[in-house]
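This report concerns only the one structure given below.
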Amino acid sequence: MPHGRLLRVISLAGATIIWEIAASVVNDPLFLPRFTEVIQTFYHVVASGDLLRDLFESLMHFGIGLGLGIVIAIPIGMMMGWSRTADNIIDPLVELVRPIPPIAWIPFAIIWLHLTHYAAGFIVFMGAVFPILINTYAGFRDTPQILIDSGKVLGCVRSRDLIKKIALPYALPSIATGVRIAMGVGWMCVVAAELFGVSNHGLGYKVWWYKDIHQMDGVLTYMLILGIVSLTIDRVFRYITDERLLKWKTGLVRNK
Amino acid sequence: IKTDEREEITTLSIGYQPSTHQAAHITAMEKGWWERDLAPFGIEKVIDKQFPSGPPEMQAMLAGDLDIAYVGSAPPITAIAEGLDAKIVACVNTNGSDLVLRPEINYTTPEDLKGLTIATFRAGSIQDTVFKKWLIDNNINPITDLTIKEMGPGDAITAISSKSVDGVFLPHPSPTIIESQGTGKTVIQSGEMWPSHSCCVLVVSGTLIRERPDLVEQIIKTHINATEYNLAHPEEAARLAAEKLSMNESLLSKSLKTWDGKWCTDPRVSIPSTLEYANVQYELGYIKKPLREEDLFDTSFYEKITE
Amino acid sequence: MLKINNLSKKYDDLLVLDNINLEIADSEFICLLGPSGCGKTTLLRIVAGLEEATTGRITLNNQSITGPNTCIGMVFQDYALFPWRNILDNAIFGLEMKGVDKETARNKARKYLRLLGLERFEKSHPHELSGGMKQRVAILRALLIKPEVLLMDEPFGALDAQTRNQLQIELLKIWNKDKKTVLFVTHSVDEAAYLADRVIILSKRPGRIKETIEINLPRPRDRTSMEVNKIRSRVLKTLGAEQEAQA
Amino acid sequence: MPHGRLLRVISLAGATIIWEIAASVVNDPLFLPRFTEVIQTFYHVVASGDLLRDLFESLMHFGIGLGLGIVIAIPIGMMMGWSRTADNIIDPLVELVRPIPPIAWIPFAIIWLHLTHYAAGFIVFMGAVFPILINTYAGFRDTPQILIDSGKVLGCVRSRDLIKKIALPYALPSIATGVRIAMGVGWMCVVAAELFGVSNHGLGYKVWWYKDIHQMDGVLTYMLILGIVSLTIDRVFRYITDERLLKWKTGLVRNK
Amino acid sequence: MLKINNLSKKYDDLLVLDNINLEIADSEFICLLGPSGCGKTTLLRIVAGLEEATTGRITLNNQSITGPNTCIGMVFQDYALFPWRNILDNAIFGLEMKGVDKETARNKARKYLRLLGLERFEKSHPHELSGGMKQRVAILRALLIKPEVLLMDEPFGALDAQTRNQLQIELLKIWNKDKKTVLFVTHSVDEAAYLADRVIILSKRPGRIKETIEINLPRPRDRTSMEVNKIRSRVLKTLGAEQEAQA
């Protein structure tokens, strides 16, 4: 759809021009930095190597939290989705802890894990773990009875086999969705995780740093970088899961 | 088990804030004096961590991340009340905060503050305590007569320049930064509000005090050296701070010329006002039990060095 | 020989099947009809060992059925293929569970896929196939583990008329060769008349055997022949009466 | 299912007991406050009237952000879902801004809206607006062609009527889901929104306040309150939408 | 009189309908059969004004059809009821759009719902109803605005055999009373033989009119009678040939 693409380019270009004009009119870099200033700052942080270092640290915090989230949430979600008893025991605890905003864990993160990268990872973890848990749970619980039945009449009768051969593959797209949501929430938490001084680098840290020295062009530059990285992570993950692992599911949805 | 725990201390962590109050640390760190002086005591590495304000710095110390802290004398009070094993061993500075109002506001007496919105540090900080006490002394009710907003120095500077607040009460160099931006002017300095009130102090962990008194002694000596050097070479102190804090050098030098703060080393100078802070905090319910001098201070090292 | 003795099934207080007695000879092709909700699916699920009977007993060659069992295969209306497996791997699922080596199983399945004209689709996933193709794979999957009895629950119910006719023909071909016992649920009187050795009509819930109609016509049958038409009329009448009783 | 309920009660009671025992063993209120301490603190904040005041301010911030989110996101989402052109123009801008973590807007919130409740509301808004926008969009875009067609043959041919009579009612459950997600994200943002001194009250503010004076029982108390309020908001909203407005949709899902 | 003249339809390069010519008299009941994908739905959508023809023209009583039009009603296979409206409010949708006062419309619809035995369900939502009940409502909804032509696209395709038969009977009753022109797409040869005045068979894509079979039997017809059976055979043969051509 070349027409659609054209519109999109015009839209972005138009927004940039309006931004630049608005910034000239306002003429207050604190209130609204210019687009050209932001581009300069961007160039500066790239050229100085700051960006690479920040990106690396933020991805580390993100990776620790997301990885831990995956490792912990998937087995628990599987148990809850497969066994009613496990569900009844674990669910009330999950329901109690889940609605606590991840950022509110900062005080305990510092006390428990000190000012380490793990403390930052812990905040990300608190944002990431529940979406994965809940989607794993839902995927398992929603496995159609007919697929279980048809497995059984074909000789797949032990719970272990039913989980491995039927429930898990069935739940995989749902788990992948959970991980995707978790990546979104987790990335948001990176900014909170880098608020309390676990290191002097990181994309989130830089937002606070530029804010403290009142360079709003720096703030905006890092905001945009945060957005772009998030978008990239999401697209890459979607590409991997949709186009490779989970072809069959996209097919199902498209054909609906 | 005990012997295992007492492994050799080879690394020291120092907490500080981005302020000219704590220039002694900056000078010692930048000139490599910490590592030079402490190496004979088995210290291989000295690292420092910057905090926007005292409470998070004290929380890090509570979590065991800091051995030494340059911090206002109020934040350690709540921390020690909640079980922080540490003592104040030296003074860092007194005074050094200014009340800055937007240029268009006329100020002659404290009465003029009525109805205004003033930003200062969080509840429990020195600035908060000094400012409120001064207001009360001048018959102004800090809750009903004006609005006090709590925030860190960065936010406060932003707040006054965007006219979100009418004034700020902040430690240096923030007042000079605001004046240079033309968004505010200093109307009164904290030494005028509460003469020689304690500001920053040097806090050392209880473990060091008990297990490595030799080391603590050297730390205080280095602090004294750096302080004396700064007093003799304020331009150099400003240059080092500007470099470390990514600030404008001439601004910092100007700040050091105009502030009413005094770098110092003798912990006994800080005792009276710090005890009064503790009293106020107890009355406000920030701490659950009253604290005495011996809970907060250990002056023995300083006395030993200087006698 | 599949024997169903005094079988009843209750869900809580709802009596679904009431004292069903049925003997099915080896290689017999039975069609089961009855109003919606009369318990046809339930009966099949009990025979498959997926559900327990409340009272009564089912034996296959004098052995009680107590749980799912590879002697009994089942084909569902919704195909119940595994959407994440391609056609070939769907077909070999049963063999895989039996511990047959994957490549051996695949080669075996490929042979049959070729017979069904599906060899070009072996790497396709179920969503890429038409309903008829999917049901062919489901039948193949059930047959590959060589069950003695094949249960089919409205297998062609979701197909259009023409595909349906074609699959009926193919099913009869397979049945002619293998001579499995087949228990086939359908709502289509035509289908029953075209396929069955014996048509069994259940009453409205609770399901009881209401009538049994033997069809002794040679196969392949002419759908529009007089004889088939007569059978159709008879089944329709019984069902119609049941329908009215229900309303 | 009284058996299930019993398990749930046992689970919660067991967790509480384990917590209390663990806290006694650790014996460090900073590292892990006791359950009984938290109960006392809770009693104290209720009795002193603090809680009510905090709750009120937090709900105000939440309400400003969510309300604004609804008012802005629904019309834009409708436009994008109905018109391909609008979609092509607006979507690139949304995709650019959406992945920026709401908390990273704090610097601009302060500059643009000063230290008012609106600044806090703005942070909540940034978290709430996109889930609503995207779900409104999806609901509109997914309106089945057959429903549009059947409207048309029954005389509903103008765009205005098709939107009002068909697309909007069809999209309503999706919009409601969007609002629900937005409420979750928005509530998480309340803690961030109250980080920077817009007022001296608020559930989020109190987490930071208790952290600053190192009273972890206070921190934990307010964390739990944040969680419970979030859960309550979600349940009430779900009850209203599921049981009243959107009966037909729950039916569809259940019957699937 | 509904006239279709030289109608062709292309989707991009895909020719779907090729030069269709058809005249349908008032009150005639036409059934349209043909292989899957031959363009039956496309033809109906063009007649309904939902789709534009590539070439050719459709007129109703000499007036060109250029867009959706309340002179022409349509019933879809998937019912296409509005799931958020209850049965009564679904039925009155067309009247509402015509600007009829809601209460008046409701009272009118209630009368018909009673005739269909659905009065107890007027407050129910579509998901609470069986397929047959839903299709009854969809037909009522289409008829309430009194169109001259009723287009039906496999309306009974998703129903079980018994419900299907019953709806056929009901549809004929309505048609006997109102004498609308009906254009009815189906895959079921039985259905066409039972309902139509004229059966039109399309060829595989691109759809062309392949054969037209007039049925001059009185109604109600006996599904199992010789005559009906003869028609079935003839239609089946034509379709079978088309099927083979397709394979």
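Order as written gives the chain letters A, B, C, D and E; numbering starts at 1 within each chain.
Keep this in mind: contacts are C-beta pairs under 8 Å (C-beta built on N, C-alpha and C of every residue); 3 or more make two chains touch, one makes a residue touch a chain.
Bear in mind that the values here come from a model prediction, so they are computed numbers and not experimental data.
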When every step has to jump to a touching chain, what is the lowest number of steps that links chain D to chain E? 1
Report which interface contains more C-beta contacts, comparing A-C against A-B. A-C
If you take the mean of the Cα atoms for each chain, which one ends up farthest from chain E? B
Whole-Å gap separating chain B and chain C, where each centre is the average of the chain's CA atoms: 84
Rounded to the nearest Å, the gap separating the Cα centres of chain A and chain C is 47
CA centroid of chain C to CA centroid of chain E, Å: 33
Mind checking the centre-to-centre distance between chain A and chain B? Centres are C-alpha means, answer in whole Å. 38
What residues in chain D touch two or more of the other chains? 30, 107, 111, 211
Spell out, as numbers or ranges, the residues of chain B touching 2 or more other chains. 56, 59, 62, 155, 158, 162
Can you list the residues of chain E that touch 2 or more other chains? none
So the touching chain pairs work out to A-B, A-C, A-D, B-D, C-E, D-E
In their shared complex, at which residues does chain B touch chain A? 18, 49-52, 56, 59-60, 62-65, 152-155, 157-158, 161-162, 246-247
How about chain C: which of its residues touch chain E in the complex? 35-36, 157, 160-162, 187-190, 223-224, 229, 232-233, 236, 239, 243
As the complex stands, chain E meets chain D at residues 45, 48-50, 67-70, 72-74, 76, 78, 80, 82-85, 93-94, 97-98, 125-128, 141-142, 145
List the residues on chain D that touch chain E in their complex, please. 144, 146-147, 149-157, 161, 165-166, 169-170, 172, 247-249, 251-252, 255
What residues of chain A sit close enough to touch chain D in their complex? 4, 7-8, 10-12, 15, 30-31, 84-85, 88-93, 95-108, 111-112, 184, 187-192, 195, 204, 207, 210-211, 216, 219-220, 222-224, 226-228, 230-231, 234
